[in-house]
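Chains: A, B, C, D, E and F, in written order; residue numbering restarts at 1 for each.
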Amino acid sequence: MSSVNTRIERASADIVLGLGRLGVATVHEAQGRKGLLASHLRPIYAGARIAGTAVTVAVPPGDNWMLHVAMEQLQDGDMLVVAPTSPCIDGYFGDLLATSAMARGCRGLVIEAGVRDVRELQSMQFPVWSKAVFAQGTVKKTLGTVNLPITCGDTFIRPGDVVVADDDGICVVPREDAAAVLTEGNAREMREESVRARLAKGELGLDVYDMRERLAREGLTYL
Amino acid sequence: MSSVNTRIERASADIVLGLGRLGVATVHEAQGRKGLLASHLRPIYAGARIAGTAVTVAVPPGDNWMLHVAMEQLQDGDMLVVAPTSPCIDGYFGDLLATSAMARGCRGLVIEAGVRDVRELQSMQFPVWSKAVFAQGTVKKTLGTVNLPITCGDTFIRPGDVVVADDDGICVVPREDAAAVLTEGNAREMREESVRARLAKGELGLDVYDMRERLAREGLTYL
Amino acid sequence: MSSVNTRIERASADIVLGLGRLGVATVHEAQGRKGLLASHLRPIYAGARIAGTAVTVAVPPGDNWMLHVAMEQLQDGDMLVVAPTSPCIDGYFGDLLATSAMARGCRGLVIEAGVRDVRELQSMQFPVWSKAVFAQGTVKKTLGTVNLPITCGDTFIRPGDVVVADDDGICVVPREDAAAVLTEGNAREMREESVRARLAKGELGLDVYDMRERLAREGLTYL
Amino acid sequence: MSSVNTRIERASADIVLGLGRLGVATVHEAQGRKGLLASHLRPIYAGARIAGTAVTVAVPPGDNWMLHVAMEQLQDGDMLVVAPTSPCIDGYFGDLLATSAMARGCRGLVIEAGVRDVRELQSMQFPVWSKAVFAQGTVKKTLGTVNLPITCGDTFIRPGDVVVADDDGICVVPREDAAAVLTEGNAREMREESVRARLAKGELGLDVYDMRERLAREGLTYL
Amino acid sequence: MSSVNTRIERASADIVLGLGRLGVATVHEAQGRKGLLASHLRPIYAGARIAGTAVTVAVPPGDNWMLHVAMEQLQDGDMLVVAPTSPCIDGYFGDLLATSAMARGCRGLVIEAGVRDVRELQSMQFPVWSKAVFAQGTVKKTLGTVNLPITCGDTFIRPGDVVVADDDGICVVPREDAAAVLTEGNAREMREESVRARLAKGELGLDVYDMRERLAREGLTYL
Amino acid sequence: MSSVNTRIERASADIVLGLGRLGVATVHEAQGRKGLLASHLRPIYAGARIAGTAVTVAVPPGDNWMLHVAMEQLQDGDMLVVAPTSPCIDGYFGDLLATSAMARGCRGLVIEAGVRDVRELQSMQFPVWSKAVFAQGTVKKTLGTVNLPITCGDTFIRPGDVVVADDDGICVVPREDAAAVLTEGNAREMREESVRARLAKGELGLDVYDMRERLAREGLTYL
């Protein structure tokens, strides 16, 4: 029951960086409007935009012991993804664990629970997306799992998948799809760039996207 | 059913500017504690204080087609006010629509739904008050209405009404009342200025407002 | 029923300052994981870390008259702690009351309700932890109490108790326990400092805290 | 500000009865998927299905004085529709007010706030749709309005409009549209009856509604 | 820290019965609109109306060990009142614990957490007021307290206090006040009886309570 | 993208029936405290206890077209499990679809969205567990999937898995584990039966489970 998977396959580092540069909204569109985590997971400070490979952790309510176990599994470019086995907003993670995670090359944390020491975490520039900020301490008594698939933010996540996160939220990309999503995302970004220039000059989307005829056909009337 | 009202009456620009300067709390008090939108609509970044004339849009859930239609109706000094016809937190609006809206002179957006690209929106200084930040994309399939009255933030809003918004939230002023509310708001601000000076020196509101006798009459006792 | 207790016992100023320096997470741990207020009370701006002695106020829904009464009871180093007698998110407190409170030496406000003028409050650096930001005005018609015990953030608070608040939330320390909590908190901070240094160098908590054997005994397996 | 409109126009009694018989889901569809109140308004007991003409009341938070004023305006076949001017879940209404309302011919209550004495209300068979069940008492100090338009359940309601309510929620029909909606609702009910018979025999909606070709055209594939 | 108070003082059985007969709304009014627990605590089935003396239990999140300890402290006429030390909706209590509690004479349960086996609990007629219905199991690893004061439903409750509960919610009466509240509650009930009779005949509260003149003085106008 | 898997493997009918008899709480415990769906999914009426094999449906927000497609995939003993691809509380399902589903042998519905016609559904004894009751109608325009894995109630569910549901909520059992969980559940039920008898006679769990020594060792003290 309580096991740690030490041999997971990770998406390639280059592709992860590329997805992080694109950001959540573009990646989400590029993979066909899929993979978003629920909107109740919010960043503890604004401005971070990162991607990493998921190290997944299932923790009992009010017990952060497995986070210490997970630290050893972290590699450069990883992202911690944590979900409790029962709804809980306790502060599982603070500045000491962040110090340890950063020393292992971890880029950030997504947690379906609470976090604390948020002022210190911002000073350290260790970004966190969480369900709550709450100082309530946890114990170290009961086991969970590391690097087995979990559900976090109402979304299914496997270890090694790519997790992209910024001020818009979080998006997960299965590692098999990552290369294709990056290609489509880059193409999309380029297309948007030229549209943006036209819109900035005052052209209307109605014309840029050639929508007028279809609107009329659907029955739109102007009074 | 799906219509665009192209001839709406807007509140006068001078009055709109004056109300924007006063801010939400003062305008709300000046019109008799009315017109606030529900508190679940929050700014995506702190520090903006604006007012504009409402261009109202009703959109189907998960469909932002009518926002493209609405762009054409925007004039300098307008504010977009958007509500879905069924509860929805999808990200209807992002940096491309903001680029287009700014090019038309639009000052900001109030939306009873989600928004995305919030980092870019902050860079562009295009303020948004929304129910959620969520990257979930939308389609362009079904029609709605532009510039018919809508309910947004539990409040009835007509096109052309004045919408004031800042870090405290959003307040709507019917265009017929706007001049009177501005006059009363300015007077109120002046009165508050002199009270503020007395309080800053350490005088008590109990004395400034002459409350002691009435408190005693109501039965207040000191132990 | 409607009374003001003018003679409360306050925790000593030195100890209050010491607890404020430690912050909420450390104080909470140091007193045995107790005393946190509910996580729905959030700061209106980031970065404040303070402690003060509680002046408690019970207010009727939508009526802030007792806040004017409470102003007179404030002393240097106090913290206002306010709860309505029925759930309410109206904006009980704004820049005028903050001006008055600061003139009396008050360090901040914790309120189980709404607050307004938040932009001005941030400029004044008057920190507030509230349930909502809402401009909805209040009246001055009905009495409540000042400096009787109240429940705020689901937690029992007596006048004179120490209230510590920062970005992580709020923690209350009974004044009788304050000295002991400060001693334990300082010791804890020192212990954490040496752990932090080891973790920053890449040592694992598994080794620093000597957890490996106990984990194996509980049945943890590595795949 | 505080006024009672004593001369409102009510929808005709026959039409109201007909709409009540159809129920909320059918009426909502028959008027083009419009008019539903928000789903947080729930019945205090199951099984009621009614319609009535709205007598609208705006009440201050925690103050039910205007409900006493509203009693005098009730006529046979009316429905009370109540909204506070600021969010509030106090128990504005209990068995005494229900006794009075029933004596006036009132059919039920929709309230964007709390209600109490729910066991007694069920015994009396006086149906209520509310935001909360809460015994918190109210005072009688501040005025509001009776029979001016209000927003309740995020929906705009005018006095005299038809309010239909059952276990599915609440739907409002503007009195001008009531006759047309009834005609369309009756037609719809008849159409549904024949479809229901076919489905009960095991026919599939795919065939009854002739959907297979359109699904294939949209790209549906069977594995 | 982890202690059981075995010698608590209980309110007298007669008075408890009397308060139970009056019900929550009347008791709440009779003690001056105080003592209600938060409205998120709801009955798992309709129709129960009881009162009992509180046996209070503080439990760790996800751990119901102390409920087994509490069973031994239950006496005839008691009511279990349970709160977790951190927010939790796990199912702490089911049909086995209810069997044990009923065998000890316990009348019901109020719990700021989850409950399960609700169908069986209804069959047994063991009433529960809870924050959630959730089958999530708990462990038996960590201690808490029995019969020390707790906060439950945002309200401070001491062991031995009277807890009244029905479909309207829950109200606590300090045992020192119980006799006086019963007297006032009985008087109130009698007064209401005669008012009810007049209202049922069609008299208006405006006349029964003699409100017309005061309404006019406050500025009420009829259109 | 939009596909229907017509060849799914279903858990065996005998085992499904056995699990349904045990109910949610026992099944959840028997499979190691796993598989519960989130507690916001609640039954529309009390008293149903069923199990079935999942036919999973992913639907766009506000669009129930795929439910018509799913009807054809239903077999005797199935249970519909539906989740929208974006949060939505519209009423996707009503009495017509229930008529069709019952004709195909379907036992009930679990839906992460809204449902309507709940009075009729109760009359038909077609049980539903939903996030909301809401009459808001849906369209039939956009495709989704049938019988691909989905996340519903924050839990990962594959077609053919066993879904157990009663008044306590919903629990999913992977079809590979179903036989083992049934064996353990039956054993557990037998053990509980004998404990129940002892508790009903007044024995304490402290003795039945032999807890006193361990409690003392953990530091429990009696005052």
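Just so we're on the same page, a residue touches a chain if its C-beta (ideal position, glycine included) is under 8 Å from a C-beta of that chain, and two chains touch if they have at least 3 such contacts.
Please read all numbers here as calculations on a predicted model, not as lab measurements.
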Interchain contact steps from chain C to chain D (minimum; 1 if touching): 1
Classification of the chain E:chain F interface as same or different, half of numbers criterion: different
Superposition of chain B upon chain C: rotation angle, C-alpha, nearest 5 degrees: 120
Rounded Å distance between chain A and chain E, as computed from the means of their C-alpha atoms: 43
Whole-Å separation of chain centres (CA-atom averages), chain C against chain E: 29
Residues of chain F engaged with two or more neighbouring chains: 1, 33, 39, 87, 89, 136, 142
In contact (per the touch rule at the top): chain pairs: A-B, A-C, A-E, A-F, B-C, B-D, B-F, C-D, C-E, D-E, D-F, E-F
Residues of chain B that touch chain D when the two form their complex: 1, 32-34, 38-39, 85, 87, 149, 151, 154-156
Chain B to chain F touching residues, read off their complex: 60-62, 86-90, 136, 139, 141-142
Contacting residues of chain B [partner chain C, same complex]: 23-25, 28-29, 33, 36, 39, 42, 46-47, 49, 166-169, 171, 192, 195-196, 199-202, 204-206, 209, 211, 215, 218-223
Of all residues in chain E, those that touch chain F in their complex: 1-7, 45, 65, 68-69, 71-72, 89, 91, 94-97, 99-100, 102-104, 114, 116-119, 122, 132-137, 140, 142-143
